Amino acid sequence: MEIYVQLLVNSLQIGAVYVLFSLGLTLIFGVMRIVNFAHGEFFSLAALVIAVSLPWFVGFGAPLGLAFVVACVAALAVVLLLGKAMYEFGFRRFQRDMTGSFVLSIGLALLLQGVFIEVFTPASRRLPTLIEGNLHVLGAGITWQRLVLCAVAIVVAIGLYWTIASTRLGTALRAVAEDHEAAMLQGMPYRRIAMVGFLIGTLLAGAAGALLAPVTVVTPVIGSAYLIKGFIAVVVGGLGSIPGAIVGSLLIALIESVGGYYFDPSIATIAMFVIVMVVLLIRPTGIMGHA
Amino acid sequence: MAEVLLEVRGLTRRFGGLTAVSGLDFDVRAGEILGLIGPNGAGKSTTFNVVSGFLKPTAGRMVFDGTDITGRPAHEISRLGLVRTFQHGSMLREMSVRDNLLVATISLFRGHAQRERRVLETARMFALDAVLDEPAGNLPHGLQRMVSIAIAFTRRSRLLCLDEPLTGLNPSEVGVALELFRRIRDEFGVTVLLVEHNMKAVMQICDRIVVLDRGEFLAQGTPAEISRNDAVIAAYLGRRR
Amino acid sequence: MRDGRVTALAAGAALVVASAFVRSDFVAMLFVWVAVNVLLTASFRFVTLIGELNFAIAGFVGLGAYAAGCATTMLDAPFVVSLAAGAAAAGLVSLAFGWVTLRSKGPYFLLISFAFTEVLRLVYTQTSAIGGNSGLVGIFPPAWLTGYYPATVLALVLAGLWVLHRLENSDFGRILVAIRNNDLIVQSVGLDVHRTKVLCLAVSSAFAGLGGALLAHANNVISPGDFGFLLAVFTLAYLKVGGEGHFAGSIVGATLLTLLAQYALGFGAFEHVFYGGAIVLVVLLMPEGIVGRWAAWRARRAGAAHARGPEA
């Protein structure tokens, strides 16, 4: 029994990161109809900036917690800058062009990865533990850090859901996602809304990277692994669907933790890919996608 | 009594919880121009898509020219002699008009000469011979409609199903189109099934009309009979707001 | 058009002959890599005719490489048989794969293809019979080809290009392009779109498998990591740089980038920056690719000459 709870708890924490990540992906697809393969690079960049700047701030005598917060702000700022640049010089011209934007994003992903490896060196970095200690929930162990990570991810996911559902911005985003021509005819600044959507998605990826940095080994290429799983989650859940992204992410996380425990990570990954293929073949637009 | 070319019995199509068409029965007689009309949401498009094989029926049976075509894929039904046009996305936009028509000849003839001849004959009939080498997407709307009908007619099949062919045509273009439909029926013996919203044109050109409402059969008859039919009038005018 | 083909044929023949006289091992390998990359790019391009990006190509290259590698090392098969095994393995698996997956389009097909490549790669790493993660070694071309391997590869690649070019300009090719334009119309005129798409993928994959088989014998060692997503991305880069609108685009792009990459070799991450940068630059500045740009320039010149009048 304990094992099942532990696996469930593990799935939730892995899932939390995937949820943040894939929410961004699906939002960008929904609003701009583009598939952004470079999404993982925002994740990597945020984690890298924190990994590099945290020791630096601590070196100035800042307490660990504060240093982390400042590093987060710095990381998100850098990520936003990169996102804005990517949008202005690239994706803005490729809105609604799925193939063109995809190809561009692949090039960007590769290019950025190379740049990160050059700038940050391929070395892996580990952050100092921010919050010590474990706790036990129903017999399953979880570190305080990971719990906080989960909690923040849940808060962000709920926040995003609420924003999309209830605020004016959210309505605008949904309108553009639903029918951008109609939105345009209604006088909505369609391009600006799309850009906001893109930046929110970018921020989400950055936030995921920032939250994950303390609990993992940071390398310039961590974004890639999460990107693939994030994509799987989004496509399985249905491109453009927010509930779908959440469902997909949790599903992927479950497979990963269960598969990794009973078999080994490679088998788990194979299982994941096979399941993706099967889901897409039975329901080509994803579990919650619009048929 | 004219031969029945297409027999539709009990046609039903559901999409999840929505029943688009239910228990539809009608016949298309050889050599006629049959109009399929009804208010919005009546199920005309769905019927069209199922009959031509682009959608599978949930229930029901369709027999074309003596062959059971229920549930068969679109390309097979096309080869059997039932060809349709599309209202939206009706042509190969980036390809020339000539290539649009050529594609329709590929499964008909092996020889280039025969294909070319068929393409030219068809193009002349639809007044497209001057624009054969233009990309289809560059043509004015009226000519684009002609291209989409010409693609289907290139095959000279027994039944030509036209999906709202008169949309966006001005009155003189409509007149030209209706003349074409008459020629297709009289000179080539092709039967025409026509879904249309342009009531005036439908009354002018159709030999018989079948009326659908909310996915069900409502009435059938000659244009004169249908225009006097109370149920039909009610369906088009006073309904749910 | 006729003299274009004759020129191409002559150039090809000259290259094949020239490659037989190459003394340097490195240049010989370069010939092989360029040739195989050209074949892979042309195969990848073949599937763009139906409007899809075939990211499963890496998987099929790998299948071809492993099938041929196993045939040569474990079954002592003759070289020709190994090559055929590579192409056949890739082609047959592709028939099954395509039948099932080509009902999906765009990003969905892309993801399934990617997943397929990864599954194959992971399966190779888990299968110790073919060397697992360390890979398969000892794949050598037959002794009687010594010194003539590059020439053989070139000749085979040229033959493959010829087949792909003929197919593209046949009825089959016209149907493919029509499908890319509007597959509903194609169905409505009596053509089996699904079967055609599957055949298109199978042809492309068979040539990809052949490429893999040729690579395996050239490099003598293959490992699962050689056939991952990155291979598909490089192929995409070759095609984009050369220009996907013209057949020659695959040749120009693959040759140029392969040679340039060799020149800039040895910089670890530089590979990423190089290929990534190439894709980004081309997509933003020259989306029609080098050949596309050149063709547009020629058309403008012809148009200008035409406007000037017949005596110009």
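By written order: A, B and C. Residues from 1 in each chain.
Rule of thumb we're sticking to: a contact is a pair of C-beta atoms (placed from the backbone, for glycine too) under 8 Å apart; a residue touches a chain by one contact, two chains touch by 3 or more.
For clarity, every value in this text was computed on a predicted model and none was experimentally measured.
Looking at the partners of chain A and chain B together, the chains they share are C. Of all chains present, the one whose mean CA position sits nearest the global mean of protein CA atoms is C. Once the centre of each chain is set as its mean CA position, chain A and chain B turn out to be 48 Å apart.
For this pair, chain A with chain C, the centres built from the Cα atoms lie 33 Å apart. Taking each chain's centre as the mean of its C-alpha atoms, chain B lies 43 Å from chain C. Multi-chain contact residues, meaning those touching two or more other chains, do not occur anywhere in chain A. Across the complex, chain C is touched by residues 35, 89-90, 93, 98-100, 102-104, 106-115, 117-118, 122, 228, 231-232, 235, 239, 266-267, 269-270, 273-274, 276-277, 280-281, 284-285 of chain A.
Residues 53, 100-101, 103-104, 106-108, 110-112, 114-116, 118-119, 122-123, 125-126, 233, 236-237, 240, 268-280, 283-284, 287 of chain C are the ones that touch chain A when the two sit in their complex.
Across the complex, chain C meets chain B through its residues 171, 174-175, 177-178, 181-182, 184-193. Chain contact summary for the complex, chain B toward chain C: residues 52, 54, 73-75, 78-79, 83-86, 89-95, 99-100, 102-104, 106-108, 151-152, 154-155.
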